[in-house]
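Below, subunit A partners subunit B and then partners subunit C, in two separate complexes.
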Partner chain A sequence: MKHFTKMALAATVAAGLCTSAAADIYAPNLSYRTGPFAATGIPLMNGQKDYFTMINERDGGIGGVKIEFDECETGYSTEKGVECYEKTKGRAVVTQPWSTGITLQVLPKTNVDMIPILAPGYGFSPMADGKVFQWAFNAPGSYWDAASMILKFISQDNLDNLKGKKIAFLHLDHPFGKEPLPFLEAKAAQHGFELLPIPVGLKEMQNQSAQWLQIRRERPDYVIMWGWGAMNAGAITEAVKTKFPMENFIGTWWSGHDADLKIVGEDGKGYKSISFSRPMLDAAIQADIKKYVVDAGKSQSNPEEMSGVFYNRGLVISMILAEGIKAAQDHFKVGEINAEQLRWGLENLNVTEERLAELGMTGMVAPFKTSCSDHTGHSGGWVLEWDGKAFVEASDHLTPDSASIQPLEVEKAAEYAAANAPWPINEECK
Partner chain B sequence: MLHDIFIAPFQDMFSAPDFLLQVLWEGLVSGILYALIALGFVLIFRSSRIFNFAQGIMVVFAALTLVGLHAMGVPAWICVLLTLGVMFVLAMAIERVVLRPLVGQPDIILFMATIGITLFLIGFGEIIFGGENKVMITEELGIPTGSWTLEPFGGLLILEQKDVTAVVVAALLVIGLLVFLSRTQMGRAIRALGDDSQAALSVGISLHTIWVLVWFIAGIIALVTGIAWGARAGVSFALEVIAYKALPVLMLGGLESIAGAIIGGLMIGLLEKLFEIYWGQPLMGGNTETWFAFVLALLVLLFRPQGLFGEKIIERV
Partner chain C sequence: MLYRTAGQYKTSYASDQAVFPVRQDAILLGIILLLAWVIFPLTASEFTFQTLLIPILIYSLAALGLNVLTGYAGQLSLGTAAFMGVGAYACYKMVTLMPWLNPLVAILLSGAFSAGIGVAFGIPSLRIKGFYLAIATLAAQFFLVWLFEKWGWLYNYNSSGAIQVPNLTMFGVYVAGPQASTIVQYYVVLVVVSLLTWVTINLTRGTLGRTWKATRDMDFAAELIGINLMRSKLTAFAISSYIVGVAGALFVFMWRGAAEPNLFDIPLSFRILFIAIIGGLGSIMGNYLGAILIVGLPVMLNTVPEALGIHIDSATVEHLNIMIVGSLIIFFLIIEPHGLARLWALIREKLVIWPFPH
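Entry: the complex of A and B
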């Protein structure tokens, strides 16, 4: 009897292990909840996690298969990020590097390991060229999209209006911060405005007095910020201190975090940030998040954070992954998809107004579609403005200047492939 | 090129003296805060030969404790007292749990122990306070948040009142520490331990008491530094990296010299700002502050390995 009990127990445990291994899709997130970038990372990671918790609790996963949304802490360190990638790649159907530096490091590896990189709104902009970067996706928008929309906004949709103007480009001295430079430099040459790059070192994020003294001396017409982590709050407080006109200060979508602006409150009024997502607090998904995640005590977030831009962007980012998984399941008629199948799913995303309505996310992101040649989708976005208490919408829907971005993407992707030859190209994609 | 290096920067300085004053002011503010952090290192090193790697995270921990307590509804100045209490308990715990069992071990072991303290405080702090950026309770502490706009030479000079407060408080703290070290029995005991630990122990100075005291003083310095930096850009774990700016100050001023920490801090604050604005930005694309202080310190070490104010080490073989 004792022997039988042991065997039964072993069989139960084995069955349990097999069931959990077979029933889950492993989707790790290379997150950072610690270190100098934690303040901006945490709300995004919370939004992403809560979305999949809701999907698992409400729907039993996607296509009946639960999503194992695991986190590996990188602290925004490229070295740790690569370690996390190596640690998780065995079972992962996707890698979400959460840093342009980590993305650039794992980009060549994913060709060999055949794991799609999902970097929504970040990473290397030429990843849009799906023929060259078969395994990399940055939908719904790239950094060049963001830079293009910012220039369109400040020039009232005519970049020739910027002729003779001076634009300071305050950026983190890191691959992320330098990413839009090729596009901005090309536009400056084309439309006759002066671009003044001002780097901020990682150790100087909270002490930007030198950078803002330069801004005071150079008197730029606009300051465009590519900041992240503690750099955003540091820049905004210095802008207030030097009395730079906030209405001429605009950041990328990672420089629009409510908590950073709360430090300056009313003094930050007029500061703007481009955004590919909008917090829609009356969207149907919010009720489901509350019911299945918050009320069930499964969220690490709080009401204040949940009303902010970054938490809601986290929801959108996980929705993109979930839609990729669903597309792959529907196409391959299999629940437990593998990485290669997810690659197909991410390459065939079709997030329409109708689909967003079904998901209860109307207005949270603009519709977009990916293809084998377009891994970005170029959804466009909106300008959000700080009103002293929260970010509010300050523009209609904007679209990037794809006509000028696309040739640059192709050119830089080809340069990258040549520099990293032999680099596999998807010849089947026309 | 020679004109850009040797002439143009000085022409810029003289053509816009108000801007030069602003640069010097910003350098002074940074410098006095670097000096303050460096003092925390020096005090501990003098009394125990420990290079305290945890000084940076102590800044974060003190600031987070302050804003965390306030978020619980405790009045601001009571929060300051309670935070000081927490830093005292931390000092006692470090002495009792970490340092005392390691007495007599090589310096490198004690240094490694402070790395352990850093990692513990990072993890503990994140569990208790979370990693989000928090607003420093500047106004609640009565620190003015406005600015004075002056017009020297017909130009513009902006003095943030919280920066002025930070400079005044830091200067008072430095003076207070100097008085404490030179005029009080405990202060003299700290210095005695630094000068000759065996002789100090033989006349009855308690090593354990002094260690608790210097770690507590380092905690006070951490709190003041945390308030000053936190008032500028919020309180988050990013504050920890500010402490690393004190490393070249120590290389420059010497690990054992209180005067060296103060003068080294001010020198680096002022020189790195002047270099960045008048040479770094026009000639090198900026962001020279990340390396300038280290290069300066290395140059000093080439000629004075003990730093500007450190004691010359003579070893007889």
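Entry: the complex of A and C
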């Protein structure tokens, strides 16, 4: 008993030291290292965490203030997500919901709780309209950006080339998978290609034989995939089995996970995925991560994972948050910023080529800039292609067709605001 | 000692048949009601409301609905989540089509829709029993979730396919949607749950409850003594689905704020079935005990390492949590297969004769 008391005392003291020595800006992450989507979650979470560990170790935080980067495990379940949101919202300067379901639930509460949501590359595409969604950010790109870039790529930058073609849209039958549908439908009507939506139910993710039978029968020119978790591996193995030409198969940025392709290896050659980030293994930041995080034994990752697309995307995502914090600190001239100040910071991000070079992240993401009316930044991205062993770049830098996306964003954002009236609109923003 | 019944004489049939023949039980209930109605709302934090009080009440109500069907009338059902979904979608359609409708009325009415669907899927119960019936209700589960996904009208052709609760007011106060305050939502849930629990207690103690129990214990014997099995089974389906439907509407409107179709998929049905089984089939109180164990305990356990100042990874806590709750479920089912309500009844019996057991 005595022994136990001592241990408990030691633990308390240690924990006390931890909290007093650690940090002052609390940035929680609603992680999912457990559950059905863990395989894709872990590399992302590791990347995000390692970036902030590196910042804390190398620079002593941002602007001299350490970042307490904490994880709250959701297992990708909406119910746990709400639990985590409630648990963290007291001190948090940001919410990173990490699932479209949790985002949908948290989104309407943001105006009341006044905590910015940071959902890089996911969530609700109309969140780009910052006048309506004052507290939500999905920089550097939305799903509609991704869809637009994919169409541009397969049509060689002229959507009229797609006239008369047939494009199958294989997607998870879930808010996430349906997200690009309004955009794709509009484009199909405008440019005269046939869009064939093929939903994959959550229960059918691993067994998509019915969907691929349909694809074989319909013989589409291209298959665009909006998949996540087990669905990606399911679709890719099924495509190999049905001998679908891999070079005509292209996924969104969450469908480009190295481990999913390693299952099929050489057979997956030619599969493509759009991406707003690139793994740059010779970038300066990699050395710092190795020095301050990996060699210090503070990383949960491994070399194989660290060379992958998702780990490096995790780094980019944390960089966006860190830049938001920095922008807010510079503007308000305080170290310990609060949620409202971070909102300003995320709204005034300016990630330039020079800034990326300073961060040692040149080429890992394209330069972008947010404003009060544009919460996405629309950085564009690249097409990555599986060469049998790794994802390599297969295109120049692509940009989304913002001119045609923007009116749709405004329209859908207005619809959302009307359905959730009374909804405050940022009138000051021009 | 605390539970001594000496001196409490029953002088009339009415007092002998009272809900609480022992005075201490009534006092205990009084304390619980006082806690739920006054003490918790005064002291609880928003976190407690959102992750413990409101979900426990809503899950208890859903389990209560299932218990009417499975525990009292003996009809096994695996479609609970789908019936909750019917309630939620019905409520959503009502408040969007008729924005002037009082939200509380809408929630209570939405149960009627799931009652109708419940009766339709209950018809096979007249011919099939036990596990075979469970499979028939499984059909409802799959069919309805499929319908929620495919029928655009149900979610107002929203591009995300999910339903989102609008801001609703009642007498000038927001009761649902992002603008509503948690304490108001808690009271709405508490009113509905208290009301339906009171109705159910009375139903199960009355004629209807007795016919259900007779049906459960041996249906052809019940038929021989003149019980109309069709009426007995279908009323059980209707009332059970009504309660479950109301629970579904509360689930989305008073707690979640948004719902996608797969929320109402089979894992939720199982969860509610487990609450009912672990709490105790054929008991009212068991639903609450079961919900506290299955819904509340994991949340409480999650906060333990932090409260003790021990730093463990969130994912590890989650794994530990699953192990602890899982082993507790096995533990309770081994020491008392009839559920927590029965366990409490045994403890109470012991308390009554303590300290002089025969």
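The working rule: the second predicted complex is superposed on the first by the 407 of 430 C-alpha atoms of A that agree within 3 Å, B and C clash if a C-alpha of one lies under 4 Å from a C-alpha of the other, contacts with A are read in each partner's own complex, and residues count from 1 in each chain.
Note that a contact is a pair of C-beta atoms (placed from the backbone, for glycine too) under 8 Å apart; a residue touches a chain by one contact, two chains touch by 3 or more.
All values reported here derive from a predicted model rather than from experimental measurement.
Participant: Does the subunit A-based superposition show subunit B and subunit C clashing or fitting?
Facilitator: In the arrangement built by aligning on subunit A, the partners subunit C and subunit B clash.
Participant: Could you tell me if A:D173 is touching subunit B, subunit C, both of them or neither one (first, second, both, neither)?
Facilitator: both
Participant: Contact-wise, after the overlay, does A:R217 reach subunit B, subunit C, both or neither (first, second, both, neither)?
Facilitator: Touch status of A:R217: first partner only.
Participant: When the two structures are overlaid on chain A, which partner does A:A230 contact: first (subunit B), second (subunit C), both, or neither?
Facilitator: So A:A230 only meets subunit B here.
Participant: Mind working out whether A:L202 is in touch with subunit B, subunit C, both or neither, as first, second, both or neither?
Facilitator: both
Participant: May I ask you to decide whether A:E57 touches subunit B, subunit C, both, or neither, giving the answer as first, second, both or neither?
Facilitator: Once the two structures are laid over each other on A, A:E57 reaches no partner at all.
Participant: In the overlaid three-chain picture, which partner chain does A:L104 touch, first (subunit B) or second (subunit C), both, or neither?
Facilitator: Only subunit C is touched by A:L104; subunit B is not.
Participant: For A:R33, decide between first (touching subunit B), second (touching subunit C), both and neither.
Facilitator: In the superposition, A:R33 contacts both subunit B and subunit C.
Participant: Just to be sure I read the superposition right, which of the two partners does A:T78 touch: subunit B = first, subunit C = second, or both, or neither?
Facilitator: second
Participant: Taking the options 127-135, 163-171, 253-261 or 289-297, which segment of subunit C carries the C-alpha atoms that clash with subunit B in the overlay?
Facilitator: 127-135
Participant: Show me the subunit A residues, by the header's touch rule, that subunit B contacts in one structure and subunit C contacts in the other.
Facilitator: Overlap of subunit B and subunit C footprints on subunit A: residues 33-34, 173, 199, 201-203.
Participant: Taking the touch rule as given, give the residues of subunit A at its contact with subunit C in the complex, in rising order.
Facilitator: 8, 11-12, 14-16, 18, 31, 33-34, 70-73, 75, 78-79, 82-83, 86-87, 90, 100-101, 104-105, 108-109, 111-112, 124, 173-175, 178-179, 181-182, 199, 201-203, 412, 419-422
Participant: Which of the residues in subunit B end up touching subunit A in this complex?
Facilitator: So the residues of subunit B in touch with subunit A come to 16, 19, 22-23, 26, 29-30, 122, 126, 130-133, 135, 147, 158, 160, 229, 232-234, 236-242, 244-245, 273, 276-277, 280-281, 285-287, 289-290.
Participant: Using the touch definition up top, name the residues of subunit A that touch subunit B in the complex.
Facilitator: 33-43, 173, 197-207, 209-211, 213-214, 216-217, 229-230, 233-234, 237, 241-243, 259-260, 262-263, 305
Participant: State the interface residues of subunit C toward subunit A in the complex, per the touch definition above.
Facilitator: 46-47, 50-51, 55, 149, 159-162, 164, 166-167, 177-179, 256-258, 260, 262-263, 265, 299, 302-303, 308-311, 313-315, 317-319
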